[in-house]
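What follows is subunit A paired twice: with subunit B in the first complex and subunit C in the second.
Now for the complex of A and B:
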């Protein structure tokens, strides 16, 4: 098992960039390219924003423990909190336009952008899994393959 | 890693407000970003051109601000059009499936002239 790098951050929006920096530095050190590092940064940003907004229900109500390590070609990130758990399947999917080329733009009032965070994580990462334990807290694991 | 701060400037033109944003837009400053845009629309300025060429990073919080402002502009019979979105912004818009929602132009002149 490779060394695991772990850091605990206050659950505040102004800490998100530091969290992104911590993980992006790790991804770069593990040899991922700039595009993959950007995807990891964005996925972590969305995950931690969700922790503050939904698990804790606001800023300064808990901490976020973030860890990363490399195993083979996989860059693995864990994001842990002690806030409320949730059912990822119950999060509404964003209602986004899926139009054929050349079609007119959709009616703006029909566009719902809630749930974009999980949508981004699913699109950007190779694996994503949640575990919820009432006493131990919530852990999100994100995996990006170095291909 | 992207720039740490967001800068927001507005140039009032005859029929259009040209807004230039640079830096990083995430959940820590998306409200400030949206507030700056809302101040324009609430003052009756509903034709906006947003130059995003200098935006190095945008999360879904920034996208929500864009969609919310576009709704506000449309409600007032205006529009918000994007000029020269950076590669990162364009990727995030596509990822969200929102690229078809915004009229996008290569530069400020074309975007402003489209109104």
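Now for the complex of A and C:
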């Protein structure tokens, strides 16, 4: 296994760009292309925003430990916090337009935007898994394949 | 990174976002749009030509503000999205949902024509 790069950041929104840069630099170093790096940045942003907003319930209430490493063609990111756990299956699924070509635009009132952050992570990454442990904290693992 | 606003005539207001539309800036955009809507300014263009990033919170802010605008018989349209932003909108089908124009002028024309 390649070296694992780990850094701990304060749980603040203005730190998220730095977290994304830390992970993006790793992804680029592992040979992922610019589009994949952009997808990874967005997924990390969503994950860390969720940690601050939902796990900690606000800024400066805990830290976020972020790690990355490459194994074969997989770029693996771990995001760890010590906040509240949650049931990913209980997060509402966003209701989004999925229209055939030429259909009229949907009505804005029919769109439900709850759960968009997890939806983004699922769309952007090849694998996503949560683990929750009352003592050890919460760990989100994101995997992006270098194709 | 900043949010700015400008009256562009015919009761149409332009709100611009310079920088990354993430959780450091989303509350400012939401506040700016809410303040305009609450003062009866319901015809809004959000100019994203200087915006290099948007996350799900930014999209939620735009959806919420558009709903508020519609409730007072107004409208909220977008202009100037770069390729990365459009990719994010397409990922969740929002390119079919929002009225998106290439530049301020066409966005303004669309609002003043209605």
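As a convention for this text, the second predicted complex is superposed on the first by the 147 of 147 C-alpha atoms of A that agree within 3 Å, B and C clash if a C-alpha of one lies under 4 Å from a C-alpha of the other, contacts with A are read in each partner's own complex, and residues count from 1 in each chain.
Throughout what follows, a residue touches a chain if its C-beta (ideal position, glycine included) is under 8 Å from a C-beta of that chain, and two chains touch if they have at least 3 such contacts.
Computed from a prediction, not measured in an experiment: that's the story for all the values here.
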Subunit B and subunit C placed together on subunit A: clash or fit? clash
Q. Now for A:21: first (subunit B), second (subunit C), both, or neither, which partner does it touch?
A. first
Next item on the list: Report for A:143: first if it touches subunit B alone, second if subunit C alone, otherwise both or neither.
Entry: neither
Note: overlapping subunit A surface for subunit B and subunit C spans 13-14, 16-17, 38, 42, 45-46, 49, 52-53, 94, 96-99, 105-106, 108-109, 111, 113, 116-117, 119-120, 123-124
The residues of subunit B that touch subunit A in their complex are 1, 4, 24, 26-28, 57, 59-61, 63-64, 67, 70-71, 74, 88, 92, 95-98, 100-101, 103
The residues of subunit A that touch subunit C in their complex are 13-14, 16-17, 38, 42, 45-46, 49, 52-53, 94, 96-99, 105-106, 108-109, 111, 113, 116-117, 119-120, 123-124
The answer for subunit C against subunit A in the complex is residues 20, 22-24, 53, 55-57, 59-60, 63-64, 66-67, 70, 84, 88, 91-94, 96-97
Interface with subunit B, subunit A side, in the complex: residues 13-14, 16-17, 20-21, 24, 38, 41-42, 45-46, 49, 52-53, 94, 96-99, 103, 105-106, 108-109, 111, 113, 116-117, 119-120, 123-124
